[in-house]
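For reference, the structure I am asking about is given below.
Note that the chains take the letters A, B, C, D, E and F in the order they are written out, and that residue 1 is the start of every chain.
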Amino acid sequence: MKLVSAVIKPFKLDEVREGLNNIGIHGMTVTEVKGFGRQRGHTEIYRGAEYVVDFLPKIKIEVGVAEDRVDDVVDAIRNAADSGKIGDGKIFVSSLEQVVRIRTGETGTEAL
Amino acid sequence: MKLVSAVIKPFKLDEVREGLNNIGIHGMTVTEVKGFGRQRGHTEIYRGAEYVVDFLPKIKIEVGVAEDRVDDVVDAIRNAADSGKIGDGKIFVSSLEQVVRIRTGETGTEAL
Amino acid sequence: MKLVSAVIKPFKLDEVREGLNNIGIHGMTVTEVKGFGRQRGHTEIYRGAEYVVDFLPKIKIEVGVAEDRVDDVVDAIRNAADSGKIGDGKIFVSSLEQVVRIRTGETGTEAL
Amino acid sequence: MSFFTSVTSRLWLLAFCLVAPLSANASEAADSGDTAWIMTSTALVLFMTLPGLALFYGGLVRVRNVLSVLMQCFAIACVASLLWVVVGYSLAFSDGGEFNRWIGGSSNFFLRNVTRDSLSGAIPESVFVMFQMTFAVITPALIIGAFAERMRFSAVLLFSAGWLMLVYFPVCHWVWGGGWLADLGVLDFAGGTVVHITAGVSALVAALMIGRRKGFPERPMPPHNLTMTVTGAGMLWIGWFGFNGGSALAANGDAGMAILVTHVSAATGALTWIVIEWLRHGRASALGAVTGMVAGLGSITPASGYVGVAAAMAIGLTAGVLCYWITMYMKNVIHVDDALDVFSVHGVGGIVGTLLAGLFVATAYGGLGLADGMTIAGQLKVQLIAVVATIIWSGVGSFLLLKLVDMLVTQRVDEESEVQGLDLTQHEETGYNL
Amino acid sequence: MSFFTSVTSRLWLLAFCLVAPLSANASEAADSGDTAWIMTSTALVLFMTLPGLALFYGGLVRVRNVLSVLMQCFAIACVASLLWVVVGYSLAFSDGGEFNRWIGGSSNFFLRNVTRDSLSGAIPESVFVMFQMTFAVITPALIIGAFAERMRFSAVLLFSAGWLMLVYFPVCHWVWGGGWLADLGVLDFAGGTVVHITAGVSALVAALMIGRRKGFPERPMPPHNLTMTVTGAGMLWIGWFGFNGGSALAANGDAGMAILVTHVSAATGALTWIVIEWLRHGRASALGAVTGMVAGLGSITPASGYVGVAAAMAIGLTAGVLCYWITMYMKNVIHVDDALDVFSVHGVGGIVGTLLAGLFVATAYGGLGLADGMTIAGQLKVQLIAVVATIIWSGVGSFLLLKLVDMLVTQRVDEESEVQGLDLTQHEETGYNL
Amino acid sequence: MSFFTSVTSRLWLLAFCLVAPLSANASEAADSGDTAWIMTSTALVLFMTLPGLALFYGGLVRVRNVLSVLMQCFAIACVASLLWVVVGYSLAFSDGGEFNRWIGGSSNFFLRNVTRDSLSGAIPESVFVMFQMTFAVITPALIIGAFAERMRFSAVLLFSAGWLMLVYFPVCHWVWGGGWLADLGVLDFAGGTVVHITAGVSALVAALMIGRRKGFPERPMPPHNLTMTVTGAGMLWIGWFGFNGGSALAANGDAGMAILVTHVSAATGALTWIVIEWLRHGRASALGAVTGMVAGLGSITPASGYVGVAAAMAIGLTAGVLCYWITMYMKNVIHVDDALDVFSVHGVGGIVGTLLAGLFVATAYGGLGLADGMTIAGQLKVQLIAVVATIIWSGVGSFLLLKLVDMLVTQRVDEESEVQGLDLTQHEETGYNL
């Protein structure tokens, strides 16, 4: 099994979730994060002085998937999250050794 | 070493922490997350209209452990977090290649 | 590629980011987390009663890096985050199988 | 006191206040108690906008737009205040000569005739100016709920300033400044037409012209901070004592009764909404309760000086039911994105209240009594004329104004700014850094 | 002015207000200054509940229950207001005929006799009705702190309505409406018995009957937003000027002194709590400071019209120490889960203040002076009788009422709802979406 | 009324208030309307501090220090109130005998002579005491903005108490209590020197002595909750009606005009700041708007009783421009860490307003008129003397006091506490648990 982790722009969350639902992925965990990268931060005014805020609000989505669904999932996320603009984010894939469903004790892809 | 990541219901946090303490695990990192899954969201009323909120507040616990403690840790979490209801969450286990304690520079299981 | 994940004290964030910038790492994702560990929590007063709050605010930094940069990154984080006091935090290194840049579809170290 | 004498004394008072600056002399002194109350009322009504309405509205938007709402309320307060001092008070309350049926004159521009000694009835004219100013502040601020979360700040300011000139000052003059609706004998104690209908109708027009928020109605846009909204609601309720009670322009039994019926209508409106939600959803929401409260308050406003306690309950109940129903209809059936329901609450409430004032003023219904020789039907006709005239004038005026504003500065932010939020893109600030 | 004349004039005033609706005629006019002040006080006291107390309490609960607290305060305000208009004012302040020692009559149901011209002393009766209404609003709202975070909304409403009928209206009549405690000559200027003891004791009973929150006392339940609590505290402090100052029913030296001693007691209570925490924990908390403030304010309430500045300091100090100590004892020793410490602060404060009023009224202690022929011991006995009677009546009444409410609707939410929070399960809303 | 008679009557009033406790007898009664207004004003001015200023400042600091700010405002309010009652009122407003040019006497310690019947002009003396107390509360609270986020709580309290004794009571006596500046004929209607200059200058001294916050100016320290700041700003605006309008000590045309010009200056100050930001950054921020508002309010304060509407606009404009420019200069050029810009806004505003009051009082500029025989140049000289004297006295006093406080308790928290935040380390609490 793999863990697909994607950092995306916040307003893309709904579309990504729909994209995943469309390919039959219904479980995921979402975290609010801040991202630093090439995308430039914005300026804010504070009593007339301007300063740059260079961390940007992002959303991290984590999806545990069976090995054979990884490419679908990555594609679904990409398609939904791509706005063509810098800062659209990244997808990270890593290996998952075990998954357990707490309620039932099921393990492996059963548990997803 | 392994990283055990569990997504649980928020009000189970105290019990899970106690469960882990009982088996001698004293370090962990906790994140507030939102979960989507089989558990249905709740409805909210907004000026008379009802809508469904389908992301649910969850807590993610991350524990880095030595290889030989993984099963204990998974069991301890399961036992504490299980309420028998849908949405109790999942445990993910993945591999950790290295751990460093920042203060001392210790590495490996020493650092946990 | 590797994912370097570090749990640090919140006020060290700026220094760690500068440290990483100095060695040419410009991308990272930051999450607010709570840590339990050896560092003792603080007490709070509530209408005269005192109680201990044992989760402490921490910052988690995640950096995806090419294999050959891992040691630099770990060192940079350590140097910046070390205050010599308990609770300075930990660095976890795990393996990343794939990285995709959403905007361009680039993969691997290109995508970082 | 019969209604006739009351209306007469009100008209005298008005007449007096119009000429007062010229005729007042230092030997006549203001009544200190009345003056104390109207200064207090002034503070209460300004408090309704800053921070009352700002919080009420601010809590309802998404977190990325909260400061834009606060800022719009705040900036409108500043602009409206200066405009009032410079031209508004004169246009609304001075004698317009041959045009007096339609608009006041320029004789009091810059408050030229307002001195330390000039009186307006039993209170210093400066206090009357300030009290009325707070109405000119809150009315355009009410409208921003319609186009919240998507209008450019410059457009908001231009629209608000223009709207005061084009809609508020004239209608205020018609009703309270001795214009044609006053001549007809319209009953509008504290602003059913002048405040709530003008704001509500203009809000509807603005909502239609500026278009829906991106994502509406498919995606829910839940309030970001209902504790803020309920806080603002409490301030609105308390402030409304000044709004309606202060409109008696004296600290007497009229003011007391106005406050009493205001309070009763607010409580009834809130409970009505609570009960409806309970019946329909099995739960009553805090937002529903405070919305019903505002509906009750808006509706009693024009009637507050004229009706009794039972009528106040009837008005609150009617307002609760109608405003609920129309909010539903707007949002869920025809999908008009009047974001914070300004029309369904204030517009509808103002219409309901203005009409019912004409009924419940009758002594038969516990009211103060109709003017001499006036029948219920006759009064209702006057009220209807006032309602329709205000709707048309506000609607057409706002339509033309928004066309103009859009030509001048493009009223809507671009899509990316809407996504990022107005706080960052219009004001370069963030509401919270928790 | 000797105490006797003051009490006499107060009684006259009361007597007058009871008959006023019948006898008043339009030729007697209200004093505009007194009227202005009592209308202002009305706004201030309502402000204490909405949003003052709502915020004070709301900040203290966990985030998942914040709206339930705001909503309870809000809905109680609505219910209490209508109940007051319909029956409460009459039961509390009209003549009860042969039962007058115990309860007023029905002659003023629906405010039947309250006209625009009827006076209550020097103020319009409508203003007196409104001022007293705000007391009937805040008193049941105080109680919700006891059962916060676990009581069903329907049960809260039923209990509050029943409680007003069974406890508040009678006790209010006993003390202020010419009932048996008034006959005895009890001193309760602004509600030590009527407001604080009734609320505090009922809260204790409710806390015991509804049981502890899940997790209490093992797990700390820290306030979710102390900035909200401190904000509410500021509003309570300011509002209390209307509460105590308005209870003079005039804008004069009595009102001024009441405000002065109120303020001094609040400041002393807060500083007392600060010092105690500093000594015990080495730190002074903001929550401690505002809790001491409320203790000081609650305690001075019954005494505020009678005592001098030094007595106010003594009262504030005593309140601070006792309320601190009893809060400790309740929470940490006997583990009573009176969630927001209503009994320890209001109940204890009300008892302390009512008793001390009997002492410090004496001119020897800088007070207004005892009634003619009254001794300190005699007055203290009267005060004690009032305290004990109020405790028993409130306690027994609340006990019976809660039994009934529980039978009717089950007062406590189920465990899962408690875990999920009342906001979602009772109101289908969330406080914050930040 | 010519300026002369006004000043004379003011002096008489002062003189009267000084001797009133001795001479007043029960046959003279307070004017109920004036009394109502000053009690209301008292509530409004206390509201400015609690929670107004507390929220305004609290929103501007980082989240880990929010409670420390609220707590400091709160605790200072308590300490200042008691100090005022015990010694302050007497030192400021009683006759100082041979030292009367410099300080009042001890005859009214513990308000010994303040009875229910004693009058101060047309209002009860207790009300005058309370009204003036609220000024003694807010002034030291203003200063905490300078050393926010880094001063120990004990040091804050010691400093504030000492500062009232050393700076506030004397300067208040000089200007309003019949001291040497009153003798010179200084014009300070509501506290340009007494409140704003003393606070602003002391803030600057404190900021310099306590040093910059760790990280300043390299790292931005954005406000943690601007909704809180804007909420507080609204309360300050409304409260200022009591501050300036109440300073007329009556409910009359003077109070009305004071409120009118206050409002106009606030609106102008806010718009000025909005326009400057728009020109410089292409965006106008909410924080900028409310900062301009405070600048406008602070500046009009000394002039509010004397000037006309056009002058109010000029004062608001000048204040907006100057305060903006000096805030920039302090923060970005010379990097003085007056954390919440107390000097740049209040200090500068107070200076500007006190000087301009001397100009715009002239009838030529629409003012009340200069005192008999006084020229504009002469009045300006008096104003300048007052400004300079206040600056020197406040600066030197604060300097010495901070040296002393630092010796006694070490005024600054250690670096780790600063990093962790004052809420946890000074008060063992956390603002939010969301």
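Here is the rule we go by: a residue touches a chain if its C-beta (ideal position, glycine included) is under 8 Å from a C-beta of that chain, and two chains touch if they have at least 3 such contacts.
This structure is a prediction, so every number in the text was calculated from the model and none was measured.
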Could you give the fewest steps needed to travel from chain A to chain E through chains in contact?
-> 2
Distance in touch steps, counted as few as possible, from chain D out to chain F | 1
Chains touching chain C and chain E alike, please list them.
-> B, F
Check A-F against B-E and say which one is joined by more contacting C-beta pairs.
-> A-F
Have a look at where chain A meets chain B and say same if over half of the interface residue numbers show up on both copies, different if under half do.
-> different
Centroid spacing, where centroids are CA-atom means, of chain B and chain C in whole angstrom = 18
Geometric centre distance via CA averages, chain D-chain B, whole Å | 52
Using mean CA coordinates as chain centres, what's the chain C-chain F distance in Å?
-> 46
Cα-centroid distance, chain E relative to chain F, in whole angstrom = 33
Among the residues of chain B, which are close enough to touch at least two other chains?
-> 31, 44-45, 50, 53, 94-95
Considering chain F alone, which of its residues make contact with at least two other chains?
-> 31-34, 36-37, 40, 222-223, 225, 251, 281, 283, 285, 287, 427-430, 432, 434
Write out all the pairs of touching chains, ordered by chain label.
-> A-B, A-C, A-D, A-F, B-C, B-D, B-E, C-E, C-F, D-E, D-F, E-F
Given the complex, residues on chain D that touch chain B span 220, 222-223, 276-277, 280-281, 283, 285, 287-288, 291, 324, 327-328, 331-332, 341
Given the complex with chain A, which residues does chain B contribute to the contact?
-> 2, 6-8, 31-38, 55, 58, 60, 74, 77-78, 81-95
Using the touch rule from the top, collect the residues of chain A that touch chain F in their complex.
-> 44-51, 53
Per the touch rule, the chain A residues reaching chain D in their complex are 11, 14, 42-45, 50, 53
Which of the residues in chain A come into contact with chain B in the complex?
-> 3, 17, 26-31, 64, 94-103, 105, 111-112
